[in-house]
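Okay, so chain A shows up in both of these, paired with chain B first and chain C after.
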Partner chain A sequence: MNQRSSNLLDEALGLDQAIEPWPLRGRVVAIEDRVETSGSFVLHHLLKRSLSPNSSNVSIFIAFSQPFSHYDRVLRKLGCNLVSQRDNGRFFFFDMLKLQCPVGDEGITPGGGLIALYGKIHKTISALPEISQKNVSIIIDDLSLMEVAANGSSDYVLDFLHYCRTLTSEFDCSLITLNHEDIYSIEDGSTFLLQMAYLADILIKAEPLATGLAADVHGQLTVSNKGRNKASNFHFKVKENVVECFYPGRSRD
Partner chain B sequence: MAKSIFIALREGALEGELAPALTIKDSVASPFGFQVFDHVLCQLFSSILAGKSPSRGLIVVSFSRSPSFYLELLKSKGISVASSDKRIQILDCYNDPLGWKDQLVESGNFRAPSHEALISSVVTVFREVKHMDKLFNSIIELGRGLVGGGKIRFSIAIDSVDEMLRRASVSSVARLLSNLRSHDQISSIFWLLHSDLHKARVTAVLEYLSSMVASLEPSHQLANGQRGDLENFSLIEHNSKKGKFHVRFKKRNGRVRMMSEEVHIEQSGINFTPLSSEGAINQGLVPKVQFNLQLSEKERIDKANVVLPFEHQGNGKPLQIYDGRRSLVDSKHVDAVENVETNEDGGRGEIIYYRDSDDEMPDSDEDPDDDLDI
Partner chain C sequence: MATAKTRTSSFSRNLSAAAPSLGPGLKCGPNGTVFLSSGIPDLDKILGGGFPLGSLVMVMEDAEAPHHMLLLRNFMAQGLVHGQPLLYASPARDPRGFLGTLPCPAASKDDKSRERDPDQEKGLRIAWQYKKYFGENQINFDGQRDGKHEYSNEFDLRKPLERHLINGQRIDCVSIQDSSDLSTLQDRCDTFLSQLPRNDDSISSAGRIAIQSFCAPQCAHSIMEWEMLSFIRSLKSLVRSSNSVAIITFPPSLLSPSFCKRWQHMADTLLSVKAIQDEDKELAQLLTGYQDMVGFLNVHKVARLNTQVPLILEATTFSIKLQKRRYLVLECLNQAPVDGSSGASYGTSGSCSSSSKTGNLDF
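Our next item is the complex of A and B:
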């Protein structure tokens, strides 16, 4: 039941066949949501899949939006214990809630800011045993708050993401990011979102239905998978401890 | 047509002429720029290897993809890099563009990865992408190292200009590109540009600098600003497999030529086909219904052959226009004439009309409204 209900999302991401080797390795996944439809459930789902007991994946979670206890509670509902995963060395949590990049000269000092964060991630991955080095997911929640921490310099965030991307080619790890689509004004040309769209191999959009709010459907997901030249679209409903995905008109209740 | 691009890039510059330059331009709606770039790169490099080009080497300036990606790509096309490392050099602006790794190594927080040494004979790391002058010098130096000095030429591939534009001003990027074009050792140059990341004027500047512009456009335009509903989604799906490929050539004499093709993206690679007619595209998009919304090819031809009653027939014969007031005798006569004509030039169509029922009034000079009591 639990397995079946998430099938569409897994299928779209290629997670339905084998989880080992991690199907997202070497890929950049960008999740874009809106204020009416939070996309964080996709992030939780990916985290849960990457920590699944029959794989040797390691997740590095860079949190700008919530403290550890929040994710711990959410993942526990999904049937995954973050504390024990952390103790097993499969889950690394970087609490960046209070990160403030030094002002002036874009914070280019090895001591602080995003450069130091990159150094920390790199160090964590290098310290892993050879076998897990190949299956690392770097998860960032979320990019808009990272931009805030970087004093609003989206270029600095893009540079950081570029360096994270070099990790995907160096170690074959995957990079998963969450961002909000509706906070960028059209006047800016929403360049940041476009940059992310070019950067990402898989783009997941969580949007409300075009027809407005509905009780039985919370929104729709559009997954564009560049590597496989495939796009899929389906509706979802977020429940207490599971997310149901179904094709339009196929809700099971 | 894609072929004429390769020929132009392969033939390179004549003595005392700017090197031919190609801009490959795409947008998020049709993001196949990288595939086209790869395709051009492989074609050009294999003709350099085969000695078919005056250019003796290729410099790849890689900003957005790792050098190892390009080595893998060439290998997958059956080009062995080990034996051809005298012909290709990669300037690596991908792995450490801002020197962060260097800084971290200095502060002792970082261990340099070990496997980089393996490919170092082909790859040179560049760490100061903000300085276009230094970038220019590095490219030229690398090229000279590859082909030697004198008059021997080499080609340059840049993926992508966007990263340069993000870190340096438009004018300095334009200066770099135009300096490269006018350098007398450079045979041809091409670069990739994501046009929607920049203002229109930036794209125009780069287009002026190039002798060829290959732009990729979606085969179906999405309505802007619309939320993704299902109808839009089918277009997105459609656009994720193919697009339109327009090429603009600027000739030496100033003539500009536009050509269009269709580009298909497949798992195995990229395919160029002549543009299919609009009709064929539309047919694929019309939803499947029980009745016919469209004409078959034969029906279309038949329809085109029908001479409409009001159409001027202009063949010297008296005009026979049915005005609804002709007597029975007259119309019989007309029928006879029509029949003869039809037999004469067989392919001509005619309108055959069956009255649906007796309820329907025949056309006559009866006033259909005469029962109205006004």
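Our next item is the complex of A and C:
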């Protein structure tokens, strides 16, 4: 069982050795995907690992893209019950589907929107017992929708992320974000992506295969881990209960 | 939804308890989703059942051809046949006029399936006495879903939809040309969807929202890219929490590339349509049934609600055909048999030139 649950993705992230203390503690993980290949399965995988029964991690999930019922069903198939975790106080779900930052005369008025959200996160972490304060993951799905909620002000979103990053040093929590790589074209300048790549300790890219979609291989992942100074690349296939990762050409083991 | 499911374990699937009672034109899909028909039986089949309730469908238009209207017409007409409320927004001055162009469902399933495959029927003639059983089975199969209506109809594009279906129902029409911002459309969508709250135990009716050419240049809001995005986002979140499906068509060439990608990310189901030029001799040689084709349909993304597994289709490009100039059918592309006289090099050169020409054909 243990062998099956640790795979190439866990290895690349450093999740294979020990789950306690949480290996991603104090790290920023950025996931980037494309229209053809969704990277949300990495989020689900990380959420499942952080909520695994033999640890005391707490996850704060900030959902801009899907309602709770979606995550609940997906995670249940992965073997993790979000409702009971929420009741246990290990999982906090912030439904941000309808969040819209108020716009004043001079751009965005302070106080509303993301600042309030940051306050909420900070309050949630501070209210946790001492022991779980050390193992908090903040998961954001996804940043591009956060930009839309902020009326296109990516600086505002970056400010928010910097604030969240201070949490990683203050409380040693980890920040996991999903974003789309292909929405930043060259002419607009991909500052946002570069900023994220700079912030991130681990950068995960989900891409389709160059040869197109296939039933056996859903795409490839590139994980660059700054801490270990190493990048790994492998193919993956997403199933309901597990993500299979394998080196190119070795799908059947 | 979550609380109702907690009792049933993932091993024993109690379908009778889990399945909500469904109104006409709805059927249960996997992962607790409920499908409604797109109005094109072939498209339903390709997408694995239809459009799931709560999903946002986006269609990328061909800037030079009105093929997206074919999808919209069938989608809207199917909803009216099932008596589902409809909200239609278009940049035209009088959107209600478009309702007159909706197609009428073909007479009956039996007649149609006979019409559809005259060759196949000839082949079956030997076993003529079994034919009645085929017919019965088919009726039973459709009848299981609901008593009165079939899940999806085939539409006759040459006959207009009967008046009483259009007049007797709740149809909201909005022109998005005049309003200077999107708040009117937003309000109309809000009120429309507030009447269709999500209730998983019994879904009696589902709403359909069709927005045509959302970023058309004659609309004042077409320059407000972030406002349009945030409208789509709020529409998506509204649709998610109600029993409805929204379909938005847009010409991607009018958006900047990065916004076009953002729109595509928004979509749960992403389709694109493309016209084919008349008399494209090379393509005509390459594909069988070229003369019936009116265009291509590309499936880029299929909605994955409540699951993380992507749906990988065997083919993503389909030809749109008008059978007997009446029925809209989608077919996989079939490569025409290579002419023996032209030699082995024909195949390679032919496929190369076609892929450079049409861009995204896949065989």
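Quick notes on this one:
The rule is simple: the second predicted complex is superposed on the first by the 240 of 253 C-alpha atoms of A that agree within 3 Å, B and C clash if a C-alpha of one lies under 4 Å from a C-alpha of the other, contacts with A are read in each partner's own complex, and residues count from 1 in each chain.
By definition in this document, contacts are C-beta pairs under 8 Å (C-beta built on N, C-alpha and C of every residue); 3 or more make two chains touch, one makes a residue touch a chain.
This is a predicted model, so every value here is computed, not measured.
Contact with chain B, but none with chain C, is seen for A:Ala231 once the two complexes are overlaid on the shared chain. When the shared chain is aligned, no partner comes close enough to touch A:Ser52: not chain B, not chain C.
Once the two complexes are laid over each other on the shared chain, residue contacts for A:Asn88 go to neither chain B nor chain C. Touch criterion met: A:Ser38 reaches chain C, while chain B stays clear of it.
Of the two partner chains, chain B is the only one touched by A:Ala197; chain C is not. When both complexes are overlaid on chain A, the residue A:Ala149 reaches chain C alone and has no touch with chain B.
In the superposed model, A:Gln220 lies in contact with chain B only, and not with chain C. Applying the stated touch rule to the two superposed structures, the chain B and chain C interfaces on chain A have no residue in common.
Contact residues on chain A toward chain B in their complex (touch as defined above): 108, 110-111, 115-116, 118-119, 122-123, 126, 155, 158-159, 162-163, 166, 169-170, 189, 191, 194-195, 197-198, 205, 207-211, 220, 222, 224, 226, 228-231, 233, 248. Residues of chain B touching chain A in their complex: 28, 31, 64-66, 68-69, 94-98, 100-101, 103-104, 106-107, 109-111, 113, 162, 166-167, 194, 196-197, 199, 226-230, 233, 236-237, 240-241, 265-267.
For chain C in complex with chain A, the residues that touch the partner chain are 1-3, 5-6, 10, 31-32, 225-226, 229-230, 233-234, 237, 240-241, 256-259, 261-262, 264-265, 270, 300-301, 304-310, 312-313, 316, 362.
Chain contact summary for the complex, chain A toward chain C: residues 35-38, 40-41, 44, 66-70, 72-74, 76-77, 81, 83, 97-98, 100, 144-145, 148-149, 151-152, 180, 182-185, 187-188, 212-215, 218, 238-240.
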